[in-house]
Amino acid sequence: VPADRKRVRGPEESQCPLLFLPPAAQTAEPREPRAGRGNGEVRPLFARCGLVSQAKGSSYLEAGNTKILCSVYGPREPERRDEAGVRSGRLLCDLRLAPFSCGKRGAWIQGSGERDLSLALSESLHPAVCLHRYPRAQIEVNVMVLENDGSVLAHAVTCASMALADAGIEMYDVVLGSALRQDGGASLVDPDLAEERGNWLAGYEENRGGVTLSLLPNLNQVSGLHADGELRADTLSAAVRTCMESCHKLYPVVQQAILRAVKRKAPPPEK
Amino acid sequence: MAAGFKTAEPLEYHRSFLKENCRPDGRELGEFRPTTLNIGSIGTADGSAMVKIGNTTVICGIKAELSAPPSDAPDKGYIVPNVDLPPLCSSRFRPGPPGEQAQAASQFIADVIDGSKIIKKEDLCIEKSKLCWVLYCDIMCLDYDGNVLDACIITLLAALKNTQIPKVTINKETDLAEVDIEHKRHLQINKHPVSSSFAVFDDTVLIVDPTAEEESLATSVITAVVDEDDQLCAFHKPGGSSLSAEKLQDCITRSVTRHREVGKLIDKVLESTKASK
Amino acid sequence: MSPMKLCVPGERLCSTEDCIPGAGTYLRHGYIFASLAGYVLRRNEGEELPVISVVRETEAQLLPDVGAIVTCKVTSINPRFAKVHILYVGSTPLKDRFRGTIRKEDVRATEKDKVETYKSFRPGDIVLAKVISLGDVQSNYLLTTAENELGVVVAHSEAGAQMVPISWCEMQCPRTHNKEFRKVARVQPEYLQA
Amino acid sequence: MAVDMRLPTARKLISLPGSLSNAEGKHLVVPGDVITSDTGFMRGHGTYMDDEKLTASVAGEVERVNKLICVKPLKTRFNGEVGDVVVGRITEVQQKRWKVETNSRLDSVLLLSSVNLPGGELRRRSAEDELSMRDYLQEGDLISAEVQSVFSDGALSLHTRSLKYGKLGQGVLVQVSPSLVKRQKTHFHNLPCGASIILGNNGFLWLYPTPGHQDEEAGGYYTSLEPVALSDREVISRLRNCLLALAAHKVLLYDTSVLYCYESSLSHQIKDILKPETMDEIVMETRQRLLDQEG
Amino acid sequence: MATVQVSEAEKVYIMHGVRDDLRVDGRGCEDYRHMEVETDVVSNTDGSAKVSLGHTDVLVGIKAEIGKPKPAVPNEGYVEFFVDCSANATPEFEGRGGEELGVELSNTLYKVFNNRHSLDLRSLCICPGEHCWVLYIDVLLLQCDGNLFDAMSVAIKAALFNTRIPKVQVSEDEEGGKEIELSDDPYDCMRLDVTNVPCIVTLSKIGHRHVVDATLQEKACSVASLLISITHKGLVTCVRKLGVGSLDPDSIFEMTEVRNTGTEHPVQTHTRTHTHTHTYIYISEHYSYFFI
């Protein structure tokens, strides 16, 4: 591998200090039931639109400690030309985790996990955007996760759809994301990072897994569904229903944030 | 008509303001944009800060990791500063490896750290030739509206002041490092460099804290870094038109004043952050 | 006056029996939905039903469309066509640059075969043009200036001064009084705001 | 839901009842095979002279027309000739012409001046026509056309200036090797089993519902987007699978062979036709009938 | 992903056919194309299989190598996936196109196997915290004719069934160092339990219905599909909505939920696919002995 000359580089190898905890501290403590909120409750959501001055639209979202910033550029002239782009626009999504956003320091170069998240984000947003109104143009959605405390994909979807609305991109509906962690009998909505990772150390019981769903609330269409783990079919359906419900809970917050930005940008037009 | 003039003939548009000793955003030539600071907001980082100079927003997160000291300096640790200008912050940046501007900024920050000795690298050594700290300082621009260098240095300084690293000992029996996260210490900040950037219009008119548009229209851009002892730590003038000695002196004098303001800001925010905890 | 109603994309505004869908809306199953976040506006435009639309601070997302009058800056010319950057659609500035092409045959309506691009445009000129096609896979937006009202509106002479139009095909430098050839637009007041 | 899963079976060579139609059998060659060292012959396509010996340059069947010797390749791209009927797909809309994929070595060209535009054949092509070319034919559309001329580089120029050619509507495209399509007087057939077929010389075969009486002239056209009746669909799907079965066994395709195969397949469900053993059976029966008919 | 061009009229024809439960090739909505499974096809792997589904051809080779367990789970081995989209399959895979699809496919495979029961990773442990078996599962796409995921999963299951991992002997020398010795006897080997290895069923939404095993032409008519990976017990290990369209919640429930209606339910049929696969892989395996 040729040396990366485009960055200031540190030593060849370095380790996260958490790997050197004394053995006593390393054993996983039994997980307590989530503090401060019920299993079906989402974390308080803080959302603002229009913070990035250079972008056509932007939004910032905080759910617990998960912090996400998104900016939207375009519609603008595409860099790559192909036939598909002539009649309808292209939606490009890029999701990055800041190097300091996770417990372990992340790499500078986008990893396959981030590429997978970018693809999932793109597939979840696509059905909502009226791309046929933007022939020969591309719309860029850039998402930066500043701090990852679980349910990143779900919140990235919500955040990105707010930024698209803020950018005045025509959409059929807003997109709301919601995540759920199934741990045996417990369904934890909007899991934090510890809850998300909980199951791997928890043992070998069945019916554990994660579900992330994106919903177009007004059209009642599911634009994204991702699940992994090991779920019974009935649990999966129940999880999908629960996720849809918690998406609806987000709607007023998202609506308020978008409208506040509309009002700030311009007073009501003369009749 | 004004909007049309602005897009079609941006340079003329700016000149028309400078003639009247003011700028399109209503500032005077020597006026900085309002600067705000937020410290310690990223829980996953060992130290963090976010600064806003006008619209320009830059965040710095510091992650401390353990490594073996460099072989040519066995009693030192590492500081690894990198500036990222992601496509998120402006339409002028493309995804992919760092562009020229980001590379130059990273190198400039590294030079400032080395030149001013913000932190003594010896302080990062845990055991000679065996174990030391690596401070990864990732500085990321979230909104690019000019003068990122000033913002980078302020956020870096504030984040370093916010950083806490756990106590590390080497177990004599196993010869392995042991980390005690219960006991953390702040870093020893040795010097407080602060930078001030200027843009030169038409080879003569000097303005401070340029916006992105002013930067792109200016004939030359200058950054001066001074520390609390009014010492010049770094001076950055990448090409462009030449400048008289008096103008340069003027820049440095203004930088000294700016240092006082920024120093006060950092102290004030640190105080209030502590108080709120 | 009650505060104006606001909406986000996806909100159902009304039935098609009540209104005609305007900008910022779309139709679905006989209802009109918002496709933009903004203010809901009902306006009577002489039709039987009012037009309902969603408006925002500017029409920021406007893209050059066939038939639109655009203001552009000439970036390069060669014997077959002139390349331009589109700066405005109507009177709305574009935040991002779109490239366009004015082919030789689209410069003017008469004597198409005798057009010389060098005698019509120069790099740096500000030109009013009309979009005739979105172009295909390889090409850019195709523009035309083959109307009296279309063509060069602002041009600088070789001496650097802004020139004054003296005929439909010539402009004059106020400093040197040299004449230069251009495809000059007869400026209409309605286009002037750009 | 049916899942048909099996182990791979070795393909048996079908032993033909009797020998092949021509008594001496087919003369098959591979590149490098000497066809003849007799210098009295003329060198045709697919051959070259090596040391005064006529040698094959492609794998295929030797054909002799008087003194001319050619090798007709078994698997090949389409080498079009003027007058060939082709089915093709639009790949690109350019200025004044469309690019058409016809299974040739190079994309074929359909000039704006070689199509009938609405409003009369002799209408002059205006600038507006040029700008609205995509409204007539866009990327992905299928057309039937005739080869008008061959450019020096081998690319084909097509035309659709006859009512029987033009844009294709609802139906199914089957692609086979061009060498399997038998040259005939007409390549448009309304099969008695209830569907129509265009056997493009280029190996693109188009199956479509037989149009109603009123527009019988407009061959290939079935522009209506109304649903096709289920019974018509069944016929088309069966024909499609038959074509693939025949192609898999290298049987020449023309109206009779297709029809015989269709009839042989009737004892099987449509989706079962493509199972290897069913294919063997059906094709064998078809071959036998073809031989009987010839014999 | 590999795409074909289909005209609007062809799309209409295909969509109406799906509505009438008669697809272009005569199949009903829930019929798979004829599938062929062959195991033990690459001699220098520890396990391999080739699956053809219509004209989709997938080759899977598995290599077992000794590696170090992951620190988080010291008593388990692990699996690595790599999907190679050969430019042989379609010219679109040349250069970066194939790489992107390969990453997408392998990311999905990681998700499919991201659970504790698909493979008993503990059986891959040699020496906790020090040595374990790492299974490198390489998937090679030879031809694409739609429904890559399903074909790939069957091929992986077959190849895992076919995999033989040499038995190892761990001995301790005087200084406490450990030595690993591989058995020389090729028949002295460990087999993997593939009972719980999931199969992928991709349902493509066309019009208001969904079809299994869509061809490339059908895929062009579908804006959204749902990938479900399911074990023989009916446990779902991965779900993923693919494509740019959206799905009605009801159609998702229809695709995933068990309902007490007279008709056979998708999950049951998925399970049946699964059983079929299992049987055929098993037969194939035994069949192959005849050739040795």
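To keep things simple, chains are lettered A, B, C, D and E as they appear, and every chain counts its residues starting from 1.
Keep in mind that, in the parts below, a residue touches a chain if its C-beta (ideal position, glycine included) is under 8 Å from a C-beta of that chain, and two chains touch if they have at least 3 such contacts.
Each chain and its UniProt protein: A = Exosome complex component MTR3; B = Exosome complex component RRP43; C = Exosome complex component CSL4; D = Exosome complex component RRP4; E = Exosome component 7.
From a predicted model like this one, the values you see are computed outputs, not experimental measurements.
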item	value
Per-chain CA centroid nearest to the all-protein CA mean	A
Chain of greatest Cα-centre distance to chain E (Exosome component 7)	C
Chain whose Cα centroid lies at the greatest distance from that of chain D	B
Chain C and chain D, separation of their C-alpha mean positions in angstrom	49
For chain C paired with chain E (Exosome component 7), centre-to-centre distance based on mean C-alpha positions, whole Å	53
Distance from chain C to chain A - Cα centre to Cα centre, in angstrom	37
Between chain C and chain B, distance of the C-alpha-averaged centres to the nearest whole Å	42
Multi-chain contact residues (two or more partners), chain D	92, 139
Contacts with two or more other chains, residues of chain B listed in rising order	91
Interface hub residues of chain C, defined as touching at least two other chains	96, 136-137
Of chain B, residues touching chain A in the complex	41-45, 48, 55, 57, 59, 61-68, 70, 78, 80-82, 84, 86-91, 95, 97-98, 102-103, 106-107, 109-110, 134, 136, 138, 140, 142-145, 165-166, 168, 176-181, 212
Residues on chain A engaged by chain E (Exosome component 7) in the complex (per definition of touch)	19, 112-113, 115-116, 119, 123-124, 126-128, 200-201, 204, 206, 208-209, 211, 216, 219-234, 236-237, 240, 244
Contacting residues of chain A [partner chain C, same complex]	56, 73-77, 81-83, 86, 128, 130, 134-137, 165-174, 216-219, 254-255, 258-259, 261-263, 265-266, 268-269, 271
Of chain D, residues touching chain E (Exosome component 7) in the complex	1-8, 89, 91, 139-142, 168-173, 222-223, 225, 227-228, 230, 233-234, 236-238, 240-241, 269-271, 273-275
Residue ranges of chain E (Exosome component 7) touching chain A (in the complex, touch as defined)	71-73, 103-104, 106-107, 111-112, 114-117, 223-224, 226, 231, 234-249, 252-253, 256-258, 267
